[in-house]
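The structures considered in this document are given below.
What follows is a pair of complexes built around chain A, which joins chain B in one and chain C in the other.
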Partner chain A sequence: MEIEIKDLEKSYDNFSLKIPELKIPKGMIVGLIGENGAGKTTLIKCLLNIITNYKGIIKIEGKTKEEIDFNDIGVVLDNMFYPDVLKVKDLVTIMTSIYNNFSKEVFYQYLEKFNLPKDKQIKTLSKGMKKKLELASALAHKPKLLILDEATSGLDPVVRREVLDIFLEFMQQEDHTILISTHITSELERIADKIIFMNEGRIILNEEGDTLIEDYGVIRCGEKEYKMIDKEDIIRCYKNKYDYEILVKDKNRLENKYKDMVIDKISLDELMVLMIKGE
Partner chain B sequence: MRIVISNSSKVPIYEQIKKEIIRGIGNKELNEGDALPSIRVLAKDIRISVMTIKKAYDELEKEGYIVTQAGKGSFVAPQNIELLREQKQREIEKYMDNIIEIAKQYNISKREILDLMEFMYGSD
Partner chain C sequence: MIGLIKKDLLIIKSNLKQYIVICLLVFFLSLNGNDFAYFLPVFLSMSIYISTFSYDNLSNFDSYAISLPVKRKNIVKAKYLGSLLMFVLGCLFTLGYAFILSLFRDINFIEILITVYGGFIGIIVLEAILYPLIFKFGIEKGRVFLFVIIAFIGAIFGIALEIGDLTIFSKILNNKIFIILINLFIIGLFLLSYYIARRIILKKDY
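Let's look at the complex of A and B:
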């Protein structure tokens, strides 16, 4: 499913979300990255109609908020909202009453895949198991769009890899879409088709995932070299005590231009830090 | 088929995928008419974004290594073995240039290089 946003605005006392235009095509895994408080969750809440009094237009698969069929959207939010005295299997009753197309069979299949016990109370599950449970119930109503807010934070690397494989399995359908917000970016690096980078309620970067990794780079150097670099080649610069970290784009061209300098590959984490902390 | 992608390599990931597939064709692991995994399946199997795989496949198609049939998938194209050999030969010439340059810089004789080559080639 595709998402279209136009002139979206939502203001609070000390924070405002402002997105003039954004398109998320179907068939893609889109990573929404940024610091805590950058506006990722606010954006997601607008998309899910949890926040309704925003200005502007949000369309999902061409439908406005009044028309969107939320049966088609699977959601995993940061905070689990299931009552934890319930047993895992009790969720079937709840989810069936919320989603028309919730399938007990699919749900049980995922429970098995994730090694989740049906008869245990939710409160006895570990954090990782709870996340997997949420994912199982989100997938069990056969959505076409998955919206995940910090769904992999707090999970250990082994479980994160499992979850990633579930995402990639889900993406085997060409019209499926995943929007995942996270501040743990390492696992997104290779699988995200698109990265949207938010800061202070604005989108400051919107690039194809591999462009970001192959095109952007970081030059680490001393003051002398720093002065030799043309200002227009510098996206951001961060001065440490003993060296400079300089964020640049168009790595291949600059490698020829500044032959004596090493331009390192940049991780999304470093990119995020330099974009925010650099000048 | 083997596809190994290095995270630390300076070679862009789509380029690495391309190389692996070309290597597969070169050493006959992949033969004319063989089906390649679909873009989405490969994306899942090697945990790389769909866009990156698509870029690799698009270039492989442009360079004549594979053909894509709408709705059916991608297949290994009939290979022009002569052309492939010629390309590889040019690649080897480039390496040899380097060897000769270094040898001349340090006064290493042609004889020594040839002996070394003989030894290494033979032991393979």
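Let's look at the complex of A and C:
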């Protein structure tokens, strides 16, 4: 499922979200990164109509907010789920009446895969188990679009890996799409086709995952080397106590240009820090 | 919408043991002749159903529900219909309860029906005022409104008692036209409340 955003604006007293244009094509895993309060959740809430009083146009699979079929969308939202006095198996009773295509069998398969007890109340589950339950319920109605807000937070690395494999399995269908917002950027490096980086309600970077890994780099150097670098080659520069960290793009060209300097690959974590803290 | 009503009923089911204990307690107390047990439908349908708003609020289900394939107006409809369903269950429970009680002592069934009817009017008025406020301001502030509304209704009855003219209520209940008018008013009030709550939720950001 494809997502299109045009001239999106949502304002609060001390924060505003402004996205002039954004297109998320179908068949992609798109990672949404940024600091707390960058606007990721506000954007997700706009996409899901949880926030409805916004300016601009959002279309999912060509349908406006009034026409979007939520049967095709699976969601895991941060701190939003069914009341925790319910039992795990109660979700089957509820969701078979809510979703057209909810599959009890698929749901129980995920419960088994995640080692989740079906007779326990949700409140007795650990944070990680609860997250896994949220994922199971998001996948059990066979969606075409997954919108995940901090869906892997609270999971241990082993389960996180399992979940990422489930995402990759989900993406075997050509028209499936995942929009995932997370603080754990290492997992995005592994699976994301595209990274959208938000800061203070704006998209400041929207790049293919491969481009980020291959084209972007960081030069760590002293003041003398820093002064030798052309200003137009510097995207961001962060001055540490003893050295400089310089974010650059077009790594191959710059490796030829600055032969005496080492341009390291950059991780998404480093990229986030440099984009926000750098000048 | 059915799924949301099922969700509320399952929440209520999760606390069923506590409600059974309360009912048994009231039953044993009323064996001595206290008839306040007939207010059970009022207690059950209102306070129990309002508790589902609290559970929704605690888990942020109200926001989550918007992301489900459920129209916003149906979220409101589910709460109003669920409340009525709970009231009907409460009435059936009261009648069954009165029947059991009648095995132990004399029961005036007409009196019970009048009590249940009074409870019906009380609930509808209270919920009709309260629900739009809960949808607008949330359950935390809604609880404060609940106490204010109960205090207000209590004050009216208190003043009536002070004046000493309670015969007006029995006169009303003996007049068929008044009864029809009251019923029409109650239905109108409930529908009006539903439309106000629907308007609120259609425009609300979570």
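Just so we're on the same page, the second predicted complex is superposed on the first by the 278 of 279 C-alpha atoms of A that agree within 3 Å, B and C clash if a C-alpha of one lies under 4 Å from a C-alpha of the other, contacts with A are read in each partner's own complex, and residues count from 1 in each chain.
Keep this in mind: a contact is a pair of C-beta atoms (placed from the backbone, for glycine too) under 8 Å apart; a residue touches a chain by one contact, two chains touch by 3 or more.
Please read all numbers here as calculations on a predicted model, not as lab measurements.
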Chain B and chain C placed together on chain A: clash or fit? fit
>> Just to be sure I read the superposition right, which of the two partners does A:Tyr226 touch: chain B = first, chain C = second, or both, or neither?
In response: neither
Could you say whether A:Leu77 touches chain B, chain C, both of them, or neither, answering first, second, both or neither? second
For apex chain A with the CA centres of chain B and chain C, the angle to the nearest 10 degrees sits at 150
After lining up the shared chain so the two structures overlap, which partner does A:Glu174 touch, if you call chain B first and chain C second: first, second, both or neither?
first
Which partner chains sit in contact with A:Ile191 here, chain B, chain C, both or neither? Use first/second/both/neither. first
Is A:Tyr108 touching the first partner chain B, the second partner chain C, both, or neither of them?
neither
Counting residues of chain A touched by each of chain B and chain C, the higher count belongs to C
When the two complexes are superposed, chain B comes to within a least CA distance of chain C, in Å, of 28
The residues of chain A that touch chain C in their complex are 45, 48-53, 69-71, 73, 75, 77, 79-87, 90, 93-100, 121, 147
Given the complex, residues on chain A that touch chain B span 27-29, 164-165, 168-169, 171-172, 174, 190-194, 208-210, 213-214, 265
The chain C residues in contact with chain A across the complex are 2-4, 6-7, 10-11, 14-15, 52, 55-56, 58-61, 63-64, 66-70, 203-206
In the complex, the residues of chain B that touch chain A are 7-8, 10, 12-14, 40-41, 43-44, 47-52, 55
